[in-house]
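In the two complexes that follow, subunit A is the common piece, with subunit B as its partner first and subunit C second.
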Partner chain A sequence: MEKIKKYFKRSTDNNNYIGWLCTYTPEELILSAGFTPFRIYGSKDYNRAEGFFPINFCPYLKSSWESILNNDTHLKSIIFTNSCDGMRRLYDTCKKYSSIPVFMLDVPKNQNISSVNYFEFNLNNLIDFLNSLGNKKITNERIKNSIEIINKKREGLIKLNNMYRNSIIDIDTYNSIIKISTLSDPYLFVEELSNYIDSIKNVAKPKKPNILLIGNFINEDRLWKLFSELDLTLSYQDTCSANRYFEGLVENGNKPLGSIAKRYLYKSACMRIANLGNKITEIKENIKKYKIDGIIYISLKFCDNTLYFYPLLKEELKDIGKPSLYLEIEYNNFSEGQVKTRIQAFLEMIYT
Partner chain B sequence: MLTCGIDIGSVSTEAVIFNKENKEIASYIIMPTGSNSKTAAEKALELACEKINIEKDKVDFIVATGYGRINVPFADKNITEISCHAKGSLFYFPDTATVIDIGGQDSKVIKLDDNSNPIDFLMNDKCAAGTGRFLEVMAKALEIELEDFQKVFINTNGKVEITSTCTVFAESEIVSLIGQGEDKNKIIKGLIYSIANRITSMVERINLQPPVCMTGGVAKNLGVVKALEEKLGVEINIPKEPQIIGAIGAAIIASNLK
Partner chain C sequence: MSFKDTLKEKIKQNLNRKFIGKILALAAKKPVLYLFTRTLKSVSDKHLNSVSIKSFYKAYSKKSQVAYGSLFLPYEMFYSLGLSPFLPEVLAGFTAGMGIADKTLAAATKNWYSQDLCTFHRSASGAVEMDLFPKPKFIICTNLACDAAQKSFYIYSKKYNIENNFYLIDVPYDYSNKSIDYLSRQIKEVCYDIAKKTGKDLDLNKFKNIIKNSNKFRHWAKKANDIRKDLTAYPPNYNGLNFILPFHGLAGTKDAVILYKNMYKELKKYIGKKENIQHKKILWLHLKPYYSNDIFKLMQEGNCRVAFEEINYVYWPELDPSRPFRSLAKKMLSHYLRGPIDNRIKTIHKMAEEYKIDAAIIFSHWGCRQNNAGARIIKDSLKNRNIPTLVLDGDCVDKNNYSKGQFRTRIQGFIEMLG
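Showing the complex of A and B:
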């Protein structure tokens, strides 16, 4: 990540942040209230946070709580979603032990007109909350401007995804830029990303095999470095940290709030939100679309929603003749040698 | 043509020289890895060559495997121990469908398809209980030679249940069991069953498919093998020298690559 930061100096030089954790948080509304949406990645160590939660609690949320406790990023507020039980408990903890104003956004699971209306209603409550923080008053015009710029950010990331799939940039660089996009001023980021893309002149041959990465919130620089040293392309990352974050544009029409509600509810879902039958169909479509040779399923420890889905998916994948590898890692910490052996053995398996 | 496979494990390093023409093992060596895996690999190759009076440059292709495989600058290729153990098991038992490899700190189960290609595998992570190192620690605590485990297993009726999984806790558990006057032999039998239980749950997670071949240093311990056969309800094939199977597999893969 460090080597790429220099291209994004202006957009990351900011301190008017509102924190968010889950990809169901509409960045558009945070931006409309005059704040910079800032994804919480947590602290490397989280020893203090261990004192607040049981041992088998989501390591990403523990790590996030440590950084909230330290408030090293001076967040003006944090938006939570009820996307999983752990997230709800972190919201409770935050409310009780921190002075940062917090908001819980209820995200419905279904994809239909009633859910979209209900979500739109919840987004109106979020607008009231954001207005109460006393920065810029959210207007329809401001929402529309925000939709435009966040869409541009998504389009830029899709371009970057194509560059990565053609080996023009490596996975380490690609994922680092996605991360920067969640920590920076979107207006300046879009500009800097466009300059960065123009500056890259590499021509390369795509690396094989094509791997579909499925998982939850994977934020591990050492893992990306390891992947970049191997002969493979992570053709699609069905994770909260990559494609599930940036895919899908918001329609910029006359009913901006309804369009936002629709985009977020209809985007590629995580294992907590998704109807698993639909999720399997979506995964199979991606396998065809990206000519996938194998699937790496990766989960943070104790994420029940992600863990329970794998045995079902594994059977389905076996039926269509696609090998899969299961990896479980801790947040900000994994045993490099062991993970490398597993991935290398998996690639050998695909080649024989 | 001669090829070599070197398996650099956490406890021991093995080198095998394979003759491609007559498909025979020309020479092999087992030695402790020690603190420097690179030196161990060099030394193992040297000793394996010495045994059949050849110079190192007579070996046409070298494949390194095991956890130290990355650190062998003179190897032509590195292949994971998963592929090598599968290939090595097939050399002795061509119809193998499941390989159980228990080494110094790794335990793994490999599933092979109808064409004998690996299609799935499981490895231990985080914890090395039930591996070779675990057995060594327990043998030391019990003041008994590791080789005597199988004799005790066969000649002892009844066992004492060992409840701790962690190596350190299991060690203190057996020390207190001895203190309570429990029969040492029954403790040993209990220990062997605790290892067999761990391996069984791993095998079951991958769906046991006979014939089963067991490799790695722990396969030399017939007590563990017997307990495992009982738990899994199948016979287990053990190669003549189970500890060198990874290196044999590496040498055979080398002969296919050259």
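Showing the complex of A and C:
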């Protein structure tokens, strides 16, 4: 990430942050309130946090709690979503043991008109909360401007995705820039990303096979480095840290809040949604669209949403004859040698 | 060998759906049921066993359409629709009690269910993989309390090829007029959709009567709970943690009314009865292990008694029979496990006060994130009220995670501390 940071100096120089953790958090509204949306990535080690949660609890949330406890991100507030049991308990813990103002955004699990309407109502509550922080008052006009810029950010990241899939940039660079996009002022980031894309002149041959990576919050520089050393392309990353974050634009019309509600409920889904059949359909479409040869399913430990999905997916993949590899890792920690050996064996299996 | 143990042994030796159905058909026969329940010492236990066997038999007998349901659903809707509810999570507890959880858990592992998941859901999933449960026509679940049911239940719908008959009742995080509207609409839509699929009109008069039954059940359950506030002695073998099925899955039935009325009458007889030793009163949070274990014996030896269990708390207001959907939405939204942990803590404090609790035990069931990750906050909140709390790590279903010595050390240490 360090080698790429120099291209994004201005956008990351900021101190008016509101923290968020889950891709169901509408960055548009945080931005409309005059704050910079800042994704919480947590601390590398989490010793203090261990005293608050059991041993078999999401390591990403533990790591996030450690960084909140240490106040190393100087956040003005944190927006939580009821994405999973773990997140609900992190919100409770944060409310009880920290002085940072927090808000819980209720995101429905069903996908229908009534859920969209209910979500829109909840977004109004979020607006009230953001207004209460006393920065900029949120207006329709400000929301529309924010939608425009966040959409531009998403378009930029999609361009970047195409560059990676054509081997013009490597996986490490690609994922580092996605990470930077979640930590920076979107207005400046869009400019800097455009400059960066214009500066790259490489021409390369795409690497094979095409792999679909499915998982949760995978943020591991060593893992990206490992992937970049192997002959493969992660054609689609169905994870909270990549495509599930930036795919799908918000329609910028007369009812901006309704459009935001719709985009977030219908975006590339997390396994938290009610109808897992829809998620299976989405995955199958991506397998076809990206000519996928194999699937690597990678989960942070103790993530119920991801762990429960695999038995279902495995059966479906068997039916369509696609091989898959299942990996479980800790947050900020995994056994590199072991993972590498397993991926290499998996690639060999695909080739034979 | 007792009648119950004989049945258990037979089922273990012939582990398949048909045989379980046959055994239940035999056990549900009036004379057999009578002879069996006669061996039980407490009236409440007799009724519990009788209604449980009848309910399971109905689901296995193919006489009515079976609908799987997760624990915290309003079962009044099932009975209004003429469905036989079947609760896989409760049955997972039975797999532990029957001594077959080793097999169901192994089947789940074989089918890629991670060992880090809750064993209630893993065991139930294993039983589905082994085809031990009756075939459902509908599957209804809720995300109230935890994420697990909606995932595993969806997989069941896929296994039984009834994805179009899968419903998730998505309970909002907040309690507000808007969330009541949103939830009551969901319940209404599910009811009408199922009625349409079964080719029947939704009988609103029947629904009203079921809601009335539910209110009667609530009335007696509350009375039974109230009487426990002053009890120092209990019927033999009484354990409140055994009544999960009737308290949830039978809400709206006459069976639940009769059971709780009789429980009240039985407990009433114990008012004023004193035991030789004065027991410390324990509030039990979450569930217990359903395989054979020494936990309650150890507590008894240390002069401690469970004075109340969180799972039996009547958390919902009286239902309005003229507005069934709205009433059931309010019932779900009133649950202490909905939304922030403050709801649960308020309820715990209320119970601690009403039952004059000396200490609390949080049973920290492996893989139950919603409970275990809140244990620290609950413990601290009780500490502020000078109520010591033991967080007892264990597993409700998998006996392999039960270490007798370790449990003894922890429970005895806690009891010693209570003085």
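Operating definition for what follows: the second predicted complex is superposed on the first by the 351 of 352 C-alpha atoms of A that agree within 3 Å, B and C clash if a C-alpha of one lies under 4 Å from a C-alpha of the other, contacts with A are read in each partner's own complex, and residues count from 1 in each chain.
In the analysis below, contacts are C-beta pairs under 8 Å (C-beta built on N, C-alpha and C of every residue); 3 or more make two chains touch, one makes a residue touch a chain.
A quick note: this is a predicted structure, and the numbers were derived from the prediction, not measured.
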Which superposed partner A:Ile78 touches (first subunit B, second subunit C, both, neither): neither
First, second, both or neither for A:Ile68, with subunit B first and subunit C second: neither
First, second, both or neither for A:Leu276, with subunit B first and subunit C second: second
First (subunit B), second (subunit C), both or neither touched by A:Ser335: first
Subunit A: partner with more touched residues, subunit B or subunit C: C
Which of subunit B and subunit C A:Gly86 touches, first, second, both or neither: second
Touching partner for A:Gly51 - first (subunit B), second (subunit C), both, neither: second
Partner chain in contact with A:Met349 - subunit B first, subunit C second, else both or neither: first
Overlapping contact positions on subunit A, where the subunit C interface meets the subunit B interface: 328
Residue numbers on subunit B that touch subunit A, as the complex places them: 67, 79-83, 117-121, 123, 125-126
Complex interface listing, subunit A residues touching subunit C: 51-54, 56-58, 82, 84-86, 88-93, 95-96, 104, 106, 108-110, 114-115, 118, 121, 271-272, 274-277, 301-302, 304-305, 307-312, 314-315, 326, 328
Subunit C residues touching subunit A - in the complex, by the definition given at the top: 111-114, 116-118, 121, 125, 143, 146-148, 150-152, 154-155, 158, 163, 166, 168, 170, 172-174, 178-179, 182, 185-186, 340-342, 364, 366-367, 369-370, 372-377, 380, 393
Residues of subunit A touching subunit B in the complex: 323, 328, 335, 337-338, 341-342, 344-345, 348-349, 352
